[in-house]
Amino acid sequence: MTTVAVAEPFPGEREVTDQVVREHKLNATEYRAIIALLERAPTLTELGIFSALWSEHCSYKHTKPVLRRFPVDGPQVVQGPGENAGVLRLPEGWAVAFKIESHNHPSAVEPYQGAATGVGGILRDVFTMGARPVAVLNSLRLGPLDDPRNRYLFAGIVKGVGDYGNCVGIPTLAGEVCFAPCYTGNPLVNAMAVGLLREADLATARAHGVGNILLAVGAKTGRDGIHGASFASEDLTAESEKRRPQVQVGDPFTEKLLLEASLALITGGYIIAIQDMGAAGLTSSSAEMAARGGVGVEVDTSKVPTREPGMTPYEIMLSESQERMLVVAAPHRLDAIRAVCRQWDLDATPIGHVTDDGIFRVVHDGRVVAAIPGKELVDGCPMYSPPAVESDAAKNRRAFAPMVSGPGCSVTLERLLDAPTIASKRWVFEQYDGTVRGGSVMPPGGDAGVLRVADTGFGIAMTVDCNARHVLLDPYEGGKGAVAEAARNIACTGAQPLGITDCLNFGNPEKPEIYFQFVEACRGIGEACRTFGTPVTGGNVSLYNQNPVGAIDPTPTIGMVGLLADVTKAVPSHFRMPGDAILLLGETRGHLGGSAYWAEVLDTVGGAPPPVNLTAEHGLQRLLVAAADRRLLRSAHDLSDGGLAVALAECCIGGPWATVQFGADVDLGRHADAASDEGWLFGEDGARALVSCDPAHVAELQRLAHDHGLPCHYLGLTGGSDLIVRRDARSWRWSVARLRAIYVDAIPRRMATVTARNGAP
Amino acid sequence: MMVHVHVRIVPRSGLLDPQGQAIEHALSALGFSGIGDVRVGKAIELRLDAASPAAAAATARAMCDRLLANPVTEDFRIEVEPE
Amino acid sequence: MMVHVHVRIVPRSGLLDPQGQAIEHALSALGFSGIGDVRVGKAIELRLDAASPAAAAATARAMCDRLLANPVTEDFRIEVEPE
Amino acid sequence: MTCVAVIRFPGSNCEAETLAAVVRAGGDALLVDYRDTHLHHADAVILPGGFAYGDYLRSGAIARFAPVMQAVKALADAGGAVVGICNGFQVLCEARLLPGALQRNAQQRFVSRPVDVRIERNDTVCTADYDVGEVIRIPVAHGEGRYVADPATLTALEAEHRVLLRYVPVAGSDLPHNPNGSLHDIAGICNAAGTVVGFMPHPERLADRVLGSDAGQRFFSSLVRSARVEVAA
């Protein structure tokens, strides 16, 4: 351990009492560890710093051992977990940086700003790697739309995501939106950013070089979000009201300037390291950069440009004001750096330097207000592995089956297409610029977003996915399934899955049944990633998504990117021509446990979700990529929520802007023996995709499927204006025009009146 | 009686106001000097049928609380003017 | 002297104001009645160092003419309040 | 070779694809900073899409005061080709180089989707390679694209055939053909000579076969060709 250092309280600062320690969400063990480390009691500033860095968000104190089991290596990995974003190798010297992050709690309080600043933060994580952001994705979970507060949140969140990315000029290329009662009061906003860089330009966030300077670049520091992580309660006095955490407000215009300036600084070779002042602001950025580089730092908070007068070192260290960067550079570069920043109308202000004593030191007007051994500050938080035990309720749920019978297949399909989770998300992504930058090969509306890489011939595909109901019912299978669904979506476009980033949204980990969900879901994710050769390159953990009514369904959102070697071979999701052959790849068992049919139509969340066959999933991915490469496919769409019937309907309905629809006439007869009609139509067995092709290619496709060890069933032909499904003597028929109307109108119809905020949060 | 209600909704003090900043910046670039603390919000005007000016103000407050203003980020002020 | 300037910028009468309509609609959906002519505009507040309230008003008018309001679509009103 | 200046304001974000479209059309493209006071001998100017200054007050309101706008005005006054796309259109209206204004979309939401627009004239600097009456599908992406003008201006625009692009319905679409409530379904207008042009849709975003369509490319081939003619004359 480094030598113990002294610090004194800042004048007027509150005394550190037991009560104050509790308010900072540090427990007795942690506080003892702090005293042992410092060999004295901490100052308030130090307590605030510990509280931030030892929060779950920064320390991963409940989750690190579990996350360590993820596969993180592979020939394509340029940068694995630990930096601001993961980076994977692409052809021709290119690389892709990507990362996902949650902004759940801020969005619950202030949906518009919460979502907007979520996008802003994740963009910064990507461009600090030296990558130019080229796409945003978003995964949103809300309570049902019949509740006015949920409508208000949904409208605000979507507008926030859109306004921010639109203004910065980054297309939003894909996403998902799910609705379930558990998200009422606990909305989830997960934002992912994807960036491109020349591999040689990779930047890191590692401070080094004693005497090098720390610079604050970008917006001024205000009282935004202070105590956001730690200060739960405080007697409400006039004085404390003034210190009340302020909502963080996003400024996408400044972000755009910061983006350009940062990339200019990085690619111009002006700087040594750069990191976003994100959660826990200056504290986490400076401490983490120092710890990664194995050095100490000294920050002079009196030099930090502030928006308001009289800010204390505590406030400055913990502010979460947006659009700020911390840069490490050699002193002789200062003038050049300032010139680059001025070009973008930004200030770069020296606020500290790198030291050789390993101490994380904060001074204000010459007074040392914090001095903490830096490595222990970042790595020394006590770790916890709470008991992980599945609850009886969870076991019972899995054994459960609905008591009622359904309304019949005809009505069921219509009800499913009208369910907001399944229905068209056009209302959402119509508010997101999907085409800016002129590289969008497949904007939202298909299985995955596809983007051309600069002016090369190759592209990247991207998606976010998670079936939280499946994870709830069986965390291990559900975890595998989330990765499998993401990979299917990528492969349906013809792209090869490359790697993932994850956003692990769970309830309170101190509850054994929640921790069980966490451990098991992660085990499933890791195993799927190992089988598919898609390493985990980073991610984010969001725990305590829980209110007095209960916890959210465990929601480990998977963000995945893939490589499309030739963008001219991108495969769309919907039927394209009448007279094309329709084939079903993969095996159907008619597994209804955990299905959308049970949940949305029979109001039953129960049963065991379909077991995930990773070998079959992997085979399907390779088959889809091979078939696309040979240009055998006219369309490909993965089967997920709502099973075969929903996939068929979606392929007929066409894309969000389609002006033509196609009917289809399919016969399940020869392949469907065991399962019920409902099982065949609405079961959610994995490892399946619905494809269409020129009838002349059917034989070749079937051969290829055989080579990949997958069944390939010929179902029928596209054409006409109705979707007709036959099985033995029975048949069902739907007008595609009517199905489309249901599907595209489900969300706008419910969002026609957004009025009440329904009480302040 | 018919009254005119003017509602002014501005960002809470302490909150970042990027619009205000941008305008302040632009005004000084145009040569206006001695300007500070620019805040930008919404101005809402409406006509209201109310028993009295006081009743109108109460109704307007309720409108702000329930819909017009966002209590997390905005403060509001109401003026009532009989027609 | 320092004065507070309040600028209210509203859509020109005669021009359609969809935002005002949307709010009118939402208010009546919330049960507010007797409402009409809802117009939504911008409220801009700033502090200004000026020789007199009249001078401040003149400066504010110039700001509106040059930048703050678009004469094609907007009208403005200015109030000055000494600090 | 025809040289087209693409102006970059601090918050422009469509300049790269706009430059690429010009180059693909055989033109010479030049990025010009908003602080520049001259156009480096460019024959034509494009004001690209984006959020010039964050557009926090009104789109284009602050941008019109940028130093480079003097040179843009001078070029426009001299009969040179000036094209505003989306935010660029907003800037041209704010700068009074084109009449009217672009207001918040009627539905109060940003709109990003393909629209079908009819080419109303092909004797302007950027539509010569289209046929009159041709309907093309290109994207819009804007929050403030509702074109408004007073009745006299609208009447004059129509009488003088200065509506360049109009949103039109196409069979089979289940979306309103007019994405923002623009008066007279106006998507773009021009000055009397057809040399100063502004429109909301983004042809530069759909100007390459790889993206499934190059419906927008002819705006740029027209511009490169017509500006060259001008120079020769």
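Per-chain numbering from 1; labels A, B, C and D assigned in written order.
Simple rule for what comes next: contacts are C-beta pairs under 8 Å (C-beta built on N, C-alpha and C of every residue); 3 or more make two chains touch, one makes a residue touch a chain.
Since the model is a prediction, treat every value here as computed from it, not as a measurement.
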Inset, instruction - Give the chain pair, either B-D or C-D, that is connected by more C-beta contacts. - result: C-D
Inset, instruction - Let me have the rounded angstrom distance from the C-alpha centre of subunit C over to the C-alpha centre of subunit D, please. - result: 30
Inset, instruction - Compute the distance, rounded to whole Å, between the mean C-alpha positions of subunit A and subunit B. - result: 37
Legend entry - Interface hub residues of subunit D, defined as touching at least two other chains: 53-54, 56-57, 61-62, 65
Inset, instruction - Check each residue of subunit C and list the ones that touch at least two other chains. - result: 26, 30, 67-68
Legend entry - For subunit A, residues that touch 2 or more chains besides their own: 251, 253-254, 755-756
Inset, instruction - Indicate which of the five shapes (line, ring, star, complete, other) describes how the chains touch one another. - result: complete
Inset, instruction - Name, in rising order, each residue of subunit B that touches subunit C in their complex. - result: 6, 8-10, 20, 23-24, 26-27, 30, 32-50, 59, 62-63, 66-68
Inset, instruction - Using the touch rule from the top, collect the residues of subunit D that touch subunit C in their complex. - result: 57-58, 61-62, 65, 93-94, 99-101, 103-104, 106-108, 146, 148-150, 181
Inset, instruction - Give every residue of subunit D touching subunit B within the complex, in rising order. - result: 53-54, 56-57, 61-62, 65
Legend entry - Complex interface listing, subunit C residues touching subunit A: 25-26, 29-30
Inset, instruction - Using the touch rule from the top, collect the residues of subunit B that touch subunit D in their complex. - result: 18-19, 22-23, 26, 29-30, 40
